[in-house]
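Just so it is clear, A, B, C and D label the chains in written order, and each chain counts residues from 1 on its own.
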Amino acid sequence: MKKLWQKDKYELDPDVEAFETEEDLIMDQKLVKYDCLGSLAHAKMLKKIGIISSQELAEIKKGINEILELDNQNKFILEKGEEDVHTKIENYLTDKYGQAGGKIHTARSRNDQVLTAIRLYCNENLEQIEIEIFALIENFQKFSKNYGSILMPGYTHMQKAMPSTIALWTDSFMESLKDDLLVLKTAYKLNNQSPLGSGAGYGAPIELDREYTKNLLGFGKVQQTTYCQNSRGKIEASVVSSLISILQTINKFASDVMLFTTSEFDFFEVSDQVTTGSSIMPQKKNVDIGELLRSKVHLVLGNYTQIVSLSSNLVSGYNRDFQDTKKPLIESFEITQSCLKVTKILLENLIPNKQKLEDSMTAELYQAEKALELVIKGMSFREAYQKIGMEVNKNAK
Amino acid sequence: MKKLWQKDKYELDPDVEAFETEEDLIMDQKLVKYDCLGSLAHAKMLKKIGIISSQELAEIKKGINEILELDNQNKFILEKGEEDVHTKIENYLTDKYGQAGGKIHTARSRNDQVLTAIRLYCNENLEQIEIEIFALIENFQKFSKNYGSILMPGYTHMQKAMPSTIALWTDSFMESLKDDLLVLKTAYKLNNQSPLGSGAGYGAPIELDREYTKNLLGFGKVQQTTYCQNSRGKIEASVVSSLISILQTINKFASDVMLFTTSEFDFFEVSDQVTTGSSIMPQKKNVDIGELLRSKVHLVLGNYTQIVSLSSNLVSGYNRDFQDTKKPLIESFEITQSCLKVTKILLENLIPNKQKLEDSMTAELYQAEKALELVIKGMSFREAYQKIGMEVNKNAK
Amino acid sequence: MKKLWQKDKYELDPDVEAFETEEDLIMDQKLVKYDCLGSLAHAKMLKKIGIISSQELAEIKKGINEILELDNQNKFILEKGEEDVHTKIENYLTDKYGQAGGKIHTARSRNDQVLTAIRLYCNENLEQIEIEIFALIENFQKFSKNYGSILMPGYTHMQKAMPSTIALWTDSFMESLKDDLLVLKTAYKLNNQSPLGSGAGYGAPIELDREYTKNLLGFGKVQQTTYCQNSRGKIEASVVSSLISILQTINKFASDVMLFTTSEFDFFEVSDQVTTGSSIMPQKKNVDIGELLRSKVHLVLGNYTQIVSLSSNLVSGYNRDFQDTKKPLIESFEITQSCLKVTKILLENLIPNKQKLEDSMTAELYQAEKALELVIKGMSFREAYQKIGMEVNKNAK
Amino acid sequence: MKKLWQKDKYELDPDVEAFETEEDLIMDQKLVKYDCLGSLAHAKMLKKIGIISSQELAEIKKGINEILELDNQNKFILEKGEEDVHTKIENYLTDKYGQAGGKIHTARSRNDQVLTAIRLYCNENLEQIEIEIFALIENFQKFSKNYGSILMPGYTHMQKAMPSTIALWTDSFMESLKDDLLVLKTAYKLNNQSPLGSGAGYGAPIELDREYTKNLLGFGKVQQTTYCQNSRGKIEASVVSSLISILQTINKFASDVMLFTTSEFDFFEVSDQVTTGSSIMPQKKNVDIGELLRSKVHLVLGNYTQIVSLSSNLVSGYNRDFQDTKKPLIESFEITQSCLKVTKILLENLIPNKQKLEDSMTAELYQAEKALELVIKGMSFREAYQKIGMEVNKNAK
């Protein structure tokens, strides 16, 4: 496959080529749309500053639209031997529109190009996640409205501690998700900077209109030239840490569901259509969905580790190590999105076992209350605590 | 040492006690001040709602002030055998002011108490870091003002790529620090929630005035009761990820300094007072400071891993596992603060080697420019690229 | 698709099903062969203890061989809606051979079945990696034989320190790889335990011959029943940490190559067929291969984090969270194998620049030697160090 | 404080000095003994090859013994302003024995010196841990002997699955610990290489007898010169991953204890002397020890991340980044050792609640057995599974 930088005869070792591109092409496939958008903005800007003609821009537009359409139909497929999505798009344009395609890369580097595509991808997905969080909060609200007043034990150290309610429990997740929105918004703001026009990280020898492309692509600001590449691994890390925050919320919920649906606790029932069976034990009804929701924060923690670790100890400017941040980034998005969707389903299929919850509200949960009653009658708290504690010990014997 | 929960005779196994408290006391020592502030706010609230008298509040105030003064003089020292800072403070008050001290823990749990102290600690340190970042940005500005116009090669793949300047280079760090401020601010906002009054995570059987203590302590909002404990490990993670962001910026700068001060590059000189020597090679002048700045993002990445990993797969409510988030949290702050200070010193002692930088501006850096000149004359970029590339190849032979 | 545990009508929510299986099927596709081998051993054992007839075993054998052949031709493809490889194989056997297929799962759980497949996968791949390490060591030996006597500077703190040779440099990698073999061997030994017959982790109500299947599959020992599932995440972690060790060796080599091929150092040349160009700078020749080798240890570190983190805080017995260890495990193998292959290629295309290396052997490298000469003449080392050091300082002025 | 490399007047910036040494001195304090042993071996070797006299060696020996004695009494204290343990020891010798002390550093670098001390530290601690694992295995054996025959439910997906016994449960931990011993032994073997004599990583200009010092220090082999520094971060990683393996075993045990001591499960009782109370709820008896054991694998996972991440992307030879591996390494040892000790105590204070365990052996645990009975009567397993499953469903209605 023709490479953009190929001058002479082609000779890259095929094993090296596979090593450098195979995994990456899978990620690039998901970036076709975003690279098209970035390329179109760049072409419009080249027209504006007089590098390409209206005619050439029209051809490029046409070509880009064709690619977008093909991509929509899953027909613009990156195949082994291709270098990356950028090359494939430029080659398509050149093959079809000749001269015009040959001009699209003027004053652009794949370094700013791929970053533009990634940023657009992140923006869109962060917006999508925001909507999904809103939907999940609504579901918790509904759950709380239906069952909030039911009493349940509050635990500390996994031991019964104080009386609680389903409302207190579900509210904690709603509040947690609201905090997650805050973190998400900051990640969005960080990500929402236009790298287009920064070239290889040192600008271009001709005057580009970076404000113009920034506006075309809807970015919030133009990112400083050299910082574009120097922010690689850093903005991705902020984005992924915002996803970890969401998955921590989900992990807590899933951990509770797993405990509260054991036959020993039996506080909640999960309906059949979200449980699975065992291949060997005919009686089993497993809440696998809770287990697989629980595991995901760990996967994204590992992705975060990958991003921060691989992008450290590297000098300024583009280093190809950055290519390996694409996969942990994109996979973290995909994981988070499916978790949000599935948590919603789990919640919709979760039914409190009222009788069991009622039975679980045993006397020990009210000891702190008893101590406080003595306090209100004038005893110091520490004395009241001692008094109640001694009684508990006596009764335990 | 007397425990708050000790009713009968004391019998905790000494090895277990050491395991549970020894490391933790070192962290608690750093929280004395913050626990005093939290305790005072709680006492004022207890007075407001009629649990303690003016006289008792006055005694508690006096006691707290004594502790703050002792702590200031490093004389309020947590020793082996003590359980934690909260117990020591309550015991001090009870020993000295009897009844009043015995009342301070009314409707409070160590669960909300320690979290209050940690939040106050974080708030203060996040504010401090913000100031240090401003100072560092200023230093970069000064550096840029002095040397910004000097040309330097811009690198990609560690190879000379395009002409750059010291201004472009330093601006990238300033921009990076500005982004870090944004992340920091969000961490602050998340952290700035008052857990005081949430008790063990399920509230108290009497009506507390949480708005009042929130205002006394300067928090931005009252945190939902059950979410207080459920946010442990989560808000800490957001805080620490904001510190990682800062350390990524510093890592990049330090990595550059290490490369650019090799004798082979020799772009910068570091003055003697920040370099060290070798014990065996008399000629060595090492920029250890750059190496030790470079290593720190990795340490805090490990701390982040600890926090997220240990607080996952845990059910709602307080779990003592959370105790182990204190150390990675506090150490991350200490590391970041010393790095900001030392980066500033390194920058103040960094002098560009103008001659060497000038010499390094070799012809290869201007090839993209040459190609663009052909473009301006009407050639398509890809053709121009081919043409220049062929010439370079020919000359290389 | 029919599930093994499906009794009544099928009703698993399709989003839940996708969430639980989609990613996993990609991994399971790589386990077809190993699950066939495990299933065959199990069937033979069932025959031996009288659960199935010779006729039934023959049919199962035939079926398994058909599947192996289909898999070889990439025609036994797991598709969306299928639950896992185990179900597909059992369904294939049942559809084709009825009764016999229906008996294969007797006294087996998917819990021991999947683990058996994973262990066989690991064993085969660990053996393969061992061979690749031997090959790489040989390449380093050849390199050392060709160029070992060439002098090169030895660095500390990235500064020239003492005279070294290419032999010292390459020997360090050979030694490192030998240590990696040691770690790999232990991982192999840990992994080489037969979980087959442990069922869901609590054995089966009938007497199985676990020694027999262990021998058939070539495992070193039978693993204790309950430990089989309790070792999940643990043995995988040991295996992956052995791969990290290898990638640390490669990371060091790649880091050196990246530095030593900068135009400023210029100690080595990398031949064209393993370098790539820039899309914008016609003169560039980038050693991307070094960068992408360098990044891989970080990816596998993240995978290790995933495995250890997700398998912790879980109670004894199978938890479906374990399913998510498959991907980081398998990907770590694939990464390590391609890195070993590509490192070999890089080494074969690395040529020392003798002239440049010779020129770099400057006087400062010999200062420690000078000091030692004074020591041999009777001066104490610390005095000699002072004396030489002062002279260096004087000359520097 | 005088530095070894200090030639002229001293001028290291005090903030830089604090940054570079403060944390490190705490670690170095733990290495006094090991640096003494390494220094003594080096001195003996210098005598053997004729660099120092018998008289000088005698003085050095005397000095080293004095230091060891002081260290034993906690009187050889590293204080702020000192550079490291190596400098303090050399300064002590020089101050007290003049010339002899000035000669001890001949043909040695702090690079091989600190590594020697660390390796000796690791060897001793790995041996200690081995003994502690043996002791813990013995305790599990005793527990199994006392209670092994008691039935308990076996869980999968946190749901009752099959009948199990306390013996099966405890055996799983014993087997796990035996595997840990295997990993530990390999870590020991890797670590058991003598770096002494490798100098700064490029040997010394005079012929040293590295075999001799290796034997004196009890190392298994002499480590290749340049590999000594290149193995930094790598051997530490292997050592720490072996500790993670142990802590994974403990994490599983602690997770079980936490679940099985909830009032809902109530399978085990933990005696008062290892539980703690609540500051606010007089009735609470918490198994904090289980929570704090559970959390530790995460801490050491973070330490591992630190070590691997910070030592990557660094070129060959000593880089001071390595200094920051000392703390995660040493702390991982301390954590593991205290966990082993405390797990033993927990186990000694764990009493099965026979009645509760008996009651928990409900009918659902025997469904797989029932299906197998049908199999033995000739039904295929999958049919039998369907039949039993349908009955369970019917009864559930």
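We adopt the following convention: a contact is a pair of C-beta atoms (placed from the backbone, for glycine too) under 8 Å apart; a residue touches a chain by one contact, two chains touch by 3 or more.
Computed from a predicted structure; not experimentally measured.
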Intersection of contact partners for chain A and chain D: B, C
Most widely separated chain from chain A, with each centre as the mean of CA atoms: D
Separation of chain B from chain C, taking each centre as the mean of its C-alpha atoms, in whole Å: 35
Gap in Å, rounded to a whole number, between the CA centres of chain B and chain A: 24
Between chain C and chain A, distance of the C-alpha-averaged centres to the nearest whole Å: 27
Of all residues in chain C, the ones touching two or more other chains: 4-5, 7, 105, 156-158, 161-162, 199-200, 259, 277-278, 280-282, 284, 286, 288, 291, 294, 298, 301, 304-305, 308-309, 312-314, 319-320, 368, 385-386, 389
Parts of chain A lying in touch with chain C, wherever the complex brings them together: 3-7, 11-13, 15-16, 18-20, 86-87, 105, 108-110, 199-200, 272-274, 276-282, 284, 286, 288-289, 291-292, 294-296, 298-299, 301-306, 309-310, 319-321, 323-324, 328, 338-339, 341-342, 345, 349
Chain D contact footprint on chain A (complex, rising order): 156-162, 258-259, 261-265, 277-278, 280-288, 291, 305, 308-309, 312-314, 360, 364, 367-368, 371, 385-386, 388-389, 392
Complex contacts: residues of chain A adjacent to chain B: 4-5, 7-8, 51, 90, 94, 99, 101-107, 111, 154-158, 161-164, 168-169, 171-176, 179, 182-183, 185-186, 189-190, 199-206, 223-227, 229-231, 233-235, 237-238, 241, 244-245, 248-249, 251-252, 255-256, 259, 294, 297-298, 301, 304-305, 308-309, 311-320, 368-369, 372-373, 375-376, 380-383, 385-386, 389-390, 393
